[in-house]
Amino acid sequence: MEILNALALFTNFVGLPALAYGSQLALGALGVTLIYAVLRFTFFAHGDLMAFGTMVVVLATWGLQAMGVGLGPLPTALLALPAGIAAAAGFTLLSDRWVFAFYRRQKAKPVVFMIASVGVMFLLNGIVRIVIGPDDQRFADGERFLFTVGDFRDWSGLDEGVAFRSTQALTIVAAVIAMAALFWFLQRTRMGKAMRAYSDEEDLALLSGVDPAKVVRTAWILAAALATLAGVLYGLDKSFKPFTYFQLLLPIFASAILGGIGNPVGAVVGAYIVAFSEVMVTYAYRKFAGYLLPEGAMPEGLLQLLSTDYKFAVSFVILVVVLLARPTGIFRGKVI
Amino acid sequence: MIRVENLVKTFGGLRAVDGASLEIAQGAITGLIGPNGAGKTTLFNVVAGAYAPDEGRVLLDGEDITGLAPHRLFDKGLLRTFQIAHEFSTLTVRENLMTVPPAQDGETLWNAWFQPSAVRARERAVREKADEVIDFLQLGHVADELAGNLSGGQKKLLELGRTMMTEARIVFLDEVGAGVNRTLLKAIGEAILRLNRERGYTFCMIEHDMDFIGRLCDPVIVMAEGKVLTQGSVEEVKADERVIEAYLGRGLKNRPARTRAPEAGA
Amino acid sequence: MSWLQGPARGPLLYLVMALLLALVGVAQSWNVALAILNMCLVSAVMALGANIAWGYAGLMNVGLMGFAALGGLAVVLAAQPPVPEAWSAGGLRLLGTGAALVASVAAIALVRARLAKGRLRALATVAMVVGAYALVRFLFDPATDAIEAVDPAVTGYLGGLGLPSATGWLLGGLLAAGAAWLIGKVSLGLRSDYFAIATLGISEIVIAVLKNEDWLARGVKNVTGLPRPAPYEVDLQASAAFVERAQAWGLDPAEASGIVVKLCYAALFAAVLGVLLWLAERALNSPWGRMMRAIRDNEVAAEAMGKDVVKRRLQTFILGSAVVGIGGAMMVSFDGQFTPGAYQPLRFTFLIWVMVIVGGSGNNWGSVLGGFLIWFVWIEAEPVGRWLMDAATAWAPEGNAFAAHLQEGAAHMRMIFMGAILLLVLRFAPRGLMPEKVRR
Amino acid sequence: MSVLIGETMTGGYGGADILHGCTIAVEAGEIAVIVGPNGAGKSTAMKALFGMLPLRQGQVRLRGRDITALSPQDRVKAGMGFVPQVRNVFASMTVEENLEMGAFLREDDFRETMEMVYGLFPILREKRRQPAGQLSGGQRQQVAVGRALMTRPEVLMLDEPTAGVSPIVMDELFDKIIEIAAAGIAILMVEQNARQALNIADRGYVLAQGRNHFTDTGEALMANPEVRRSFLGG
Amino acid sequence: APAQAEDVKIGVLLGYTGPIESLTPGMADSAELAMTEVNNAGGVLEGDMLVPVRADSTCIDAAAASAAAERLVTSEGAKAIMGADCSGVTIATLNNVAVPNGVVMISPSATSPALSSIEDGGFFFRTAPSDARQGAVLAEVLADKGVTEIAVTYTNNDYGKGLADSFQAAFEEKGGKVLLSAAHEDGKADYSAEVGALSATGAEHLAVFGYADQGGVGIIRASVDSGAFEKFVLGDGMFAESLIEAIGDDLNGTIGSVPWSEGEGADAFVAAAEAAGVDPDGSFRRESYDAAALIALAMQAAGSTDPKVFKDSVMDVANAPGEKILPGELAKALQILKDGGDVDYVGATNVELIGPGEAAGTYREYEVKDGAYETIGFR
C-alpha cells in the first residue's frame, strides 16, 4: 500500500507533469528539427510561429464557441486547428518567398538564414501582439480532466491521488504520433527522401529531378502544422500568452539539439530528458521517502537535490553533460 | 623509418584495417595500392593521428607515435595529403600555401601585435616560397583565387603544394594523382623523385594509376580487406595472380562500336 | 550603385551612421543622441568580441549573455565599497570554503595522478567528489547565510574592493576570460550548433548563479548606485563655474551637464573600443589571423598542417569572451547598476549576433558598424514604430474600433519595424554591410 | 544531328568568363570524351550543358530543342543524367537510398536497374545500408555513377567517373559504358585517365582555357603527338 | 497676466514589450484615465492640458529604458514621468535621466527597498507600498487564522524576493515556520517542478508572491490541477479578476492582501474606469492612476508645471491635512487647490506617502468566496 502511495505521489508530481511538459516540448522540437533537417538552419521564429498559429486557432475557437459549435468533451479548439495550420502555413510560405528563398539563391551560410529568421521572429512577435494583444487568453473548453485527484483516490482507496488532464493525454498521444509519422515520412516516403537528399546536397538533388520548390514548400507546411499543433496543445493545457511561447524557444532548441538535431526520435527523447531533468532533480523527495521508509523514519530535510531556483540550469547542465558524452546528441544528429 | 604493427581500426562492426603490419624504409618511395575500400586511407589516417587505432602501434624511427595528435606528428616531420581535398576554402591559393610553414613569427599574438617588422620579414620569405610552389604547379593564374573556387584537379594540386611548403621527413600522399592531368602528373612525379633524391624525403603514396606507380615506387605494398596482401617490386606485384584478381583486372571485355567520324570543325 | 562596392563603402557607411546620430541630435535632442551613441559604443565592443570568436575561428558563442553578466559582476566587485559587517560575519568562513575547495580539487587531482586508470580510481574519485561536495556545502551554507543576513534590504553581500569604476572593466575582461577558459576546456570539443547550445546553456547557468547567490552581488535584489567613471550631473549643476560656462554657451545647465557627462563616457568608451579594434585588426591581418581563418575553414586540414587547433580555438574563445566581458562591464558602469534579472538571451546574445551578421562577420569594422546600427535601430524603432502606427491609423475617424485596436498595439510596431529593418539590410547586404575582406 | 549540343557556350561563375565559345556535342549511341588540363573548364562546360551555370552566349539544344532556359531538374525530366565531379553522393543517405534517388523520377519498377548496378559494382551491394558518407573514396565514386545509371537517361554525362577507382573497377565501368552506348544512349564524359577513355571514345574534345583546342575521333587524338605531349602525359 | 494655456507632457514609461508586456497596457490606460479626467476638468493651472507620451522601458534593459526616458525628457520635454515599472529600470532612469534633468518620477510598481534610500534629489515618489509592510500584514493575517506552517513561492525579482523575505521574517517572528521558500521565474513554460517541490513539504497553505498573469497563475493552476494545494495566500501582485476567471471555483477559500483605500476608493476607481471604458482590473492599475493623479494635483498645488517646483508639493497633496479625494474626484480636487484649499489624496490605493516619498498603504484583507473577492477587513 505504502509503495503504491509512493508511486501515486511520484506519478502525480513528477511522472505525469514531466511527461506532459516533455511532450509539449517535443512537438515544438519536432518542428525545429524538421526545418533544420531540410532547410539546414536554426529557425528562431518557431516560438512565435507557434504563437501565431495558436492565435488564429484562439480567434476561430471564440468564433465557434459564439456560434455554439463544440466537440462535447473535447476542446473546441481542435475543430479550429485547421484554420490555424492554414494561417501558419500561409505565413511561412510567404516568409519563405520574401525572405528565405533569396538567401537560398545566394547560397548564404546557415547563420545568415538564422539571423534572417530572427528578423521574421520580430515581425511575428509584433503581429501577434497587435492582433490579439500580449495578454493571457483562455480558449480551453470541454472536459479538463480525465480523472482528478479525488476521482483517483475514491477509485483506488489510496491516500495519494493522481490527476490526469485530457490535454495532457492529448499532448502525449499527439507527440508520439507526430514523431512516428515524421520519422516514417522522412525515412520511407518518396517526398521524405527527396527532402533528405535536398538537405544533403542541394545541387545533386536537382540532378536527380527533385523539385526544390516542392521540397521547401512541404517542409514549411509541415513545420507550420507542427508548430500550430504544439502551440494549441500547450495553450489548452496552460494558457495562451505570446511571451511564454517565445520563452519556450530555448528549451525547445535544447531538446532538439540534445536528441541530435535533424532526427525526429532524437527531438522527442531530448524533450523528455529536458523535462524530466527539470522536475526530477528539483523535486523534494521527503514525502516520497516517507512512504517507502519504515514508520516514523520520515527524514527531517526536504531531500531536494537542488533548489528549484536552479531548475532551468539543471536541464542545461544535463544537456552539457550529455553532449560531452555524445557530441552530436543522443541520436547522432546532423552537423552542418 | 615507419613501422606499423598489427594495426586494427574498426567502424562499428566493420574492420576497415584488420591487423595490417608494414614497414616504410627511410629514403624510399613506397606505393600502397589495393581495391577500393581495402583500408588504405584508413591506415593513413591512423598513422597520421587522425584516428586512434583499436589495436596495434605505429613507430617512427623506433619511437611509439600511436595516437599522437596530427599537429604533433607534423612537428616531427610527418606530412599528409587528403584523398578528398581539404582546402581552406575562404583563403586564397597563396594563403593556403603560406599557412603551412610551422612556427611562423606572426602566429603568436604577441608578435603580431608588437613585433611587426620581424613578422613582415618572415612573411616575405614565406610568400616567395609559396610563389615558387604556385609556379611549379601551374596555378599562377589562380594564385589569388579563393581555394574553394578551384576546379577539382586544382584542389588536388593544392593538396600536394602544401607538402612542398615545408621541410618534411616523410610525406603521405593519398591519391594526389586522381583527377590531375597526366602531363602535369608526369611533372609532379619528377618533382617527387627530385625531393626524394635531393632532399631525402621519404614518401608513401596511395595511387590507382599503375603507370605512375610504376615510374616512382619501389617497393609496392598491396592491401586488401584491411590486411597486407603482398609486397614487392612493381613487376612482382603486377604479376601476382591475387593482385590481378582483386585489383588490376584483365582489361576491357567490350570493344567500342566505332560508328562515325565526328563532323569536322567546332 | 557600384560605388557602394568599392573601398569607399566602409567610410561611407560610417558617415551615414554618423548622420543618423546627428539627425537624432537635431530632431530629438543631443542628450538622446549621445545616450544612444554611448550604448552604440558598448554594443560595438560586444559585437567585436562575438566576431572574434565567430569571424576568426568559427566558434558560435551563444553564451554572450553570460560573459557580459560576468563583466558586469566585475564592476560590482571592483567598484563597490566593501561591506565590513558582511566580511566579519562570514568572509573568513567563505575564504575558508574557497581554500577547502582548492585543497579538495588538488587532492582529487593528486589521487588521480597516483592511481592507475581503472575501477579503483573511478571509485576513489567519486567518493572524494562526494566528500568534497559535502565539506564545501557544510562550510559554504552557514557562511553565505551569515553574509546574506547582514541588513539584507541594503547590503547582504560582501561588497567590492572600492576601486575606481574603470578598473572593473579590466577585471571584467579577466573574469570573462577565466570563465571562458573553463567553459572552453569543457565544451570546445563540440561542433557548430552543439557547441552553440552548450554555451547558451552555460550562460543560463551563470545567470542562475548570479540571480540566486545573494552573497555575491545581492542576486535579484540588484546592486544600484554604482560609482561612476564620470562626474555626476547634479554635481556639475551645483558648480557655479560650470553653470556659468554653460550659460555662456547658451545652454541650459541641466542639458549641458547631461551632454558633458555623456561625452566623458563616450570618450572613455571610444578609447577602449579603439584599442580593442586596433588589436583585433592587427591580429586578424597577421599570420595569426590567417591561421585562425584556416582553422575555421577546415580544422582537419589545419591540424594536419601542424596547427594546434584545440589550443588556438581556446585562445580565440577566451579573447572574444574577454572582449564581451569588457563590454558588459562598460555597460554596467554606464547604467550605474547591476541587475542579474535583466540578462535575457534575446537582448544580450541574439541581438549581439544580429549586430555581427548585419555588420559583416569576419570583418571587425563591420561588426562595429553593426553594433552601432542595430543598437540605433533597437532604440529608435520605438518612436518610429509609434509614428508609423499613428500614420497608419490617421485615416480613421475618432472612435473607429479597428484603429483603436491598432493603436493599442502601437508599442509592438517597434518589433515589426525592427524586424523589417533587419530583413531589409540583410536583403541588400546578404553578407553583411561590410563583408569579410578577401585578401588577394 | 546531335542529341545534345552546346554551341559556342560563353559564361562563368559571375566573375570573368571561364568558357569562351566552347562547343560540345554528342550523338546517340556515341561516346564523347573531354580531356584537358586542370582548370581548363571541362567541368564548367558540363555544368553549362546541364543548366547549372548561366550562359552569356551560346545555346544548348537537346534533340534540336533549345533548352538553354530549362532548369536542371527539368533537364532530368527531359532525359539527361549527370554525375558531377565533386559532391556527387548524398552523404547521410544510405547507398541504396542514393540509388533510389537516381530513380526519383521513374514511375516504373526500377529494381532491375538496381540489380544491374549492384552487378556492376558488387561492393555496393555489401554496403547497401551504409551511409554513403562513410564509404571510401573509390566506393563513393561508384555510388555516384550508380546513381546516374539508375536514371536511365538518354544522354548520360559523367565528370571524371573513374577518379579514384581501382583499375579493375575502371575496366568494368568502361565496359558498361560501351554497353550502354551500344544501346543507343549518348555518353559524354570528362576524363583524366585520358588514354583509357579516348581508347573507347568515338569522339574526343581537347579543352584548354575554356576553348576547343582539338576535336577529333578518339583514335586520331591519341595519335596526335602534340595532344599526347601537352595533354595526355606523353 | 495669465500665461498662455499650453500642453504639459507627462511621460508614461512602462515595459510595453518584454516580460511584463501583458501588465503594462492596463497600467498606462489607468494613468491616462487620470490625465483625461484632469483635462476634462479643464486641465491644470491656466487650462494647461496634460498630454501623455508613452515610452517603452522594456522592464529589463536599463540602457534602452534610459534612452527612452532621455527622449521623453530632453526631446519631448516631459515635465514628469509616470513610471518606470520594474525596479531595475526605474533606478537606472531615475539616476541617469530624471535626477540629472530634474524631472519628477512617480513609479506605480517599483517596490525595491533600494529606492527608499536612493539619492533622488526629491524627484522620486512611488505609489506602490514597500514590501516590508505587506509582509508583516500577511503574517498577521495568517497568525490570526492559526496557520503555523506554510510554503512560499515568489517571483524571482526584487519585488518577489523582498516580499518573501519580509514575510518570512514577520511570520517566523510570530512563531510560524516557512517550510520552503522557492523562487519561480516568470514567463516560463512549466511550473510542475516548483509545485512538486513545494507540495512535498506537506504544508497546507501556499503563499504566492508573484503576478496574476505571470508565473503566479501558472503556479496556482499547476497546484490546483495536481491537488498539491487547495489553500492559497496571495500577495498584492496576484490580485486580479482574471485570476478568478482563470482558476475558477478552486480558488475559493484563498486569502490575500492588497493595498486598498478603506472606504470607497477602490470602488470609486472601478466606477470611474468603467465609465471611461477602461478595464479597472489588474495589477498596478490603481497605483498607476494614483501616480498620474498625484502629478496633476502637485502641479496645481504648486501653481507650476516646473518639476523643480512642484516636486515639493507631491507630499502635500498626498497626505493630510485636507479634503479627502477619491478617484473620479480630481475635478473637485483641482478646484479646491485653485481656491487655495488643501487636499489629501486618497485615491484608489489609499495613498499616504511616508518618509522618502513612498506609500505607507492600508491593506485590504480579502477572501475569495463563490468566485468573488470578499473583504474581510483592513489592516
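Letters A, B, C, D and E mark the chains in the order given here, with residues in each chain numbered from 1 onward.
Simple rule for what comes next: a residue touches a chain if its C-beta (ideal position, glycine included) is under 8 Å from a C-beta of that chain, and two chains touch if they have at least 3 such contacts.
Values in this document were obtained by computation on a predicted structure and should not be read as measured data.
Q: Out of curiosity, which chains are bumping into both subunit B and subunit E?
A: C
Q: Return the chains shared as contacts by subunit C and subunit D, ordered by label.
A: Looking at subunit D and subunit C together, the chains touching each of them are A, B.
Q: Could you see whether B-C or B-D has the larger number of C-beta contact pairs?
A: Pair with the higher count of C-beta contacts: B-D.
Q: Counting only C-alpha atoms to place each centre, which chain is farthest from subunit B?
A: Of all the other chains, the one whose centre lies farthest from subunit B is E.
Q: Distance from the CA centroid of subunit A to that of subunit B, rounded to the nearest Å?
A: Here the centre of subunit B sits 49 Å away from the centre of subunit A.
Q: Report, in whole Å, the distance between the mean C-alpha point of subunit A and the mean C-alpha point of subunit C.
A: Centre separation, subunit A to subunit C: 30 Å.
Q: Would you kindly tell me how far, in whole Å, the mean C-alpha position of subunit E lies from that of subunit A?
A: Between these chains, centre-to-centre, one finds 36 Å.
Q: Going by the contact rule already set, what residues in subunit D reach two or more other chains?
A: none
Q: When you check subunit C against every other chain, which residues touch at least two of them?
A: In subunit C, 211-212, 408, 412, 414-415 touch at least two other chains.
Q: Any two chains that touch count here, so list every such pair.
A: Applying the touch rule to all chain pairs gives A-C, A-D, A-E, B-C, B-D, C-E.
Q: What residues on subunit D touch subunit B, complex-wise?
A: Touching subunit B from subunit D are residues 13, 23, 25, 27, 29-31, 36-39, 42-44, 85-86, 123, 127, 134-139, 141-142, 160, 163-172, 174-175, 178-179, 181-182, 192-195, 199-203, 212, 215-217, 229-234.
Q: Can you list the residues on subunit B that touch subunit C in the complex?
A: Subunit B residues touching subunit C: 48, 50, 69-71, 74-75, 79-80, 82, 86-92, 95-96, 98-100, 102, 104-109, 111-113, 119, 122-123, 126, 144, 146, 162.
Q: Across the complex, what residues on subunit E touch subunit A?
A: Contacts found on subunit E: 17-19, 21-22, 25, 156, 179-180, 182-185, 187-190, 192-197, 199-202, 213, 217-218, 221-222, 225-228, 242, 245-246.
Q: Considering the complex alone, what residue numbers of subunit C touch subunit A?
A: The contact residues of subunit C facing subunit A are 54, 60, 186-187, 189-194, 197-198, 200-202, 204-205, 208-209, 211-212, 345-346, 350, 353-354, 357-358, 361, 406, 408-409, 412-420, 422-423, 426-427, 430-431.
Q: Any idea which subunit B residues touch subunit D in the complex?
A: Touching subunit D from subunit B are residues 11, 33-38, 40-42, 83-84, 138, 141-142, 149-154, 156-157, 175, 178-186, 208-210, 246-262, 265-266.
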